[in-house]
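Shared between the two complexes below is chain A, which pairs with chain B and chain C, respectively.
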Partner chain A sequence: MIIQHPAVCGTLESSDVMITVSPGDGEICIDLDSTVDMYYHDQIIKVMKELLALEGISSAKIKAVDHGALDCTIKARLKTALVRSSKEV
Partner chain B sequence: MRRTMMFLPGNNPNMIINGGILGADSIILDLEDAVAPDQKDAARELVKNALESVDFGGCEVIVRINALDTPYWEDDLEAVIPLKPDMIMPTKVSGAEYCKTLSAKMDEIEERCGIPVGKTKLIPLLETAIGIENAFTIATSTPRMEALYLGAEDLTADLRCKRTKEGNEILYARGRLVTAARAAGIEAYDTPFTDVEDLEGLARDAAFVKGLGYTGKAVISPRHVETVNRIFSPTIAEIEHAKAVFHAIEEAKAQGKGAISLNGKMVDAPIVMRARLVLENAKAMGMEVEEI
Partner chain C sequence: MSKLVGSIAEAVQFAGVKDGMTISFHHHLRSGDFVLNMVMDEIAKMGIKDLTINASSIHPGHAPLAKHVKSGVVTCVETNYMSIEVGQAVSEGYMKKPMIFRTHGGRPSSLAEGKSHIDVAFIAAPTSDPMGNFTGKIGKSACGSLGYAFEDAYYADKVVVITDNLVPYPLTDFSVPENYVDYVVEVDAIGDPQGIVASTTKMTKDPVSLRIAELAAKAIDASGLLKDGFSFQTGAGGASLACAAYVRDIMKERGIKGSYALGGITGYIVDMYREGLFEAIQDVQCFDLKAVESLRDDPGHFEISSTQYASPTAKSSAASSLDAVVLGATQIDTEFNVNVHTDSRGYIIGGSGGHTDVAEEAKLTVIVAPVSRARMPVVVDKVLTVSTPGKDVDVLVTQYGIAVNPARQDLIERFTQAKLPVKTMQELKEIADKLNGVPAEIKVNKNKIVAEVLDRLDQPLDVIYAVE
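This part shows the complex of A and B:
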């Protein structure tokens, strides 16, 4: 999968995360803003990095605004944003 | 036992992750009307991930997919069938061919994923005039059929009439659907009551369709679950009567009697069948019922 342009998925509602994906500069750069950052920062980053690796992505800028999303929601929102960003506009 | 089926919007993680604790017997993860066209991909991915990892606490899980005249239905099936939901709810089902097309696609996905072909059941949503008229052929179109479900909002638009709380405009459709379902040996489920605040109206509506022979009712709000569950559960009096029917049968057998009576009334086959259903439902609700 190749990230071609910025794309977003998710909402700012409770239990959701809004993820924006953009083309990177040769590395993975994640900017996380979470209401549960103190407790789950590392876990959220881990879930996102695992999915990026699974999709074979080594260069991307990710902005995530999290309101307590579970792992399954983080994975779903990131996957959809990645697919949207890889499609021709 | 399936008394309540609760709709949950497929793109709302907060509602989906709490789906198993709201008291409904079944939850319907909705990829159709509750999802905007530009969010179909997001909802499909969210429902897929939820099916993979959310514990719905023993709730039956149904996925409502988009209609066959949209570009979404095949992607919906490809995403969810491998994760083994209990049932698929196809929408705007018009006839047997519709169900056969859908079932053939489900066969293909199940076979590819190593799932026994036919395992995923169907509960088609009949919400058009042609769907209601074809209810029996739909109900018998594939062995996947588990139940028919009436959708009154789209139906009344198709009939060009106003949807009312009294529901006179859908009386024919309600009768036709439950008769078709019972003739095919499957269950029948009623349309939701859409006034979230009117619990008395809901109770009247649910009791009315229970009286027509419906098995249960869909709900669109957690507030409606308790009322619908109560209406569609056997009462203590019904359970006691059902037990008495079987005791009367045992007693008559012991005495070598052919004809059986209870409280001066003849116990015939339909009474025994109804008593059996009451006790089966009571047992499914976790009540202690002696073996019948």
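This part shows the complex of A and C:
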């Protein structure tokens, strides 16, 4: 999968995460803003990095604004954002 | 003689407010209150500083207080509840002295026992006559009960009544009589009606809250207390209010006639009274317009002072006859200690209000809370702040089951017999961890104490530290 243009998935609702994906500069760069950062920062980063690796992505800019989404939600939002970002416009 | 003065500034001057004094306010106008802000602005303009504010609660509408804290006009706050708007400034260490948290019953007790003292009380009154007989039942800013303002009038050295509905002498249906009042000031508005009372209190539609509420009602039923003569208190928020709806269904179905409802009163409790489910409503505070109207119109719905509500040193209180109470929690730990003061980052976001009082007094104290809120752990190993000690909490009801304080073996037996989903606190915590993942440990920086939490008898219960 190649990220071609910026794409967004998710909302700013409680228990959801809004993820914006855009083309990277040759590395993975994750900017995380989470209401549960003090409890789950490492876990959220880990979940996102695992999914990116699984999709074979090594270059991306990711902005995640999280309001307490569970791992399954984070994965679903990130995957959809990735699919949207790689589609032809 | 005349008690009428021309302005708030004159009242501040005549009442003799000076550097270092303690002045007080009540919170019946809630977030719509103008009086605290108006008085503090005048005081700041006059150059008075180093004041202690003793207020029954601090609400979001009191946000301008943060600037007086930062400028040193206010160097201490004593209150029973403080929302994040001012709580943030305190948590970030801007106030010179540690603030003091009491409870709704502890505050009047402390004043009566002389453990705390008010130099000048500024009392927002929706209606007053020129000699200071005042009430909250009528007027354009009517808020209903003035339960938390009684003791300010009784115990302060000087009492200033501020009203936007001055009526001819004498006002007959008063809450506090003229003999306690020194000065009366008429202003254009003491508050914004929109912020004072909600027009209606809405019942939650959140399925998790409803599930918790239904289980809580079943637990109250299984406790054996839900029979003729039943007395009950519940909050206005989410699962607490929804629990009243399920209790109402059970009472109607079985024709149970309760004795009284207590506390902050909503239209929902008024409906239960009017259906004959309760003989009386003991009202220390009205939460919505229907409660205000009912306090005026319904003979069994009456105003009580905060002393009568829940003072631990009164000869008796309405709380001391209470059967069941339903309360919330920001956090609850495996020892059943409840935190309603701080959020998970350690910021001050609330306070006990009457939580600690009724939890200790009621025969059955039910905490309703989900195991987590948007991944934020609610059931934890150790609460950040102890607001209500675990010894006073009997039951935690979550969406996944009910944890019973091991001290209440009788309840465990009753709940098991009623086939309710009884779980240990540890089991509930494991369910949350499985759902959310195990949360990282939070480090609390114990460099600076910003608040002292006192118990009902003014003894230290816990402290709150500055957030870095």
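We adopt the following convention: the second predicted complex is superposed on the first by the 89 of 89 C-alpha atoms of A that agree within 3 Å, B and C clash if a C-alpha of one lies under 4 Å from a C-alpha of the other, contacts with A are read in each partner's own complex, and residues count from 1 in each chain.
What we mean here is this: contacts are C-beta pairs under 8 Å (C-beta built on N, C-alpha and C of every residue); 3 or more make two chains touch, one makes a residue touch a chain.
What you see is a predicted model; the values in this text were computed from it and never measured.
In the superposition on chain A, A:Ala76 makes contact with chain B only, not with chain C. Shared-chain residue A:Gly10: touches chain B; no touch with chain C.
In the superposition on chain A, A:Val36 contacts chain C only, with no contact to chain B.
In the superposed model, A:Arg84 makes contact with chain B only, not with chain C. Residues 14-15, 69-71 of chain A lie in contact with chain B in one complex and with chain C in the other. Put simply, chain A touches chain B in their complex at residues 9-10, 13-16, 69-73, 75-77, 79-80, 83-84.
Put simply, chain B touches chain A in their complex at residues 12-14, 17, 41-42, 45-46, 48-50, 52-54.
On the side of chain A, the complex with chain C involves touching residues 14-15, 35-36, 38-43, 67-71.
Taken together, the chain C residues at the contact with chain A in this complex read 344-345, 373-377, 435-437, 439-440, 442.
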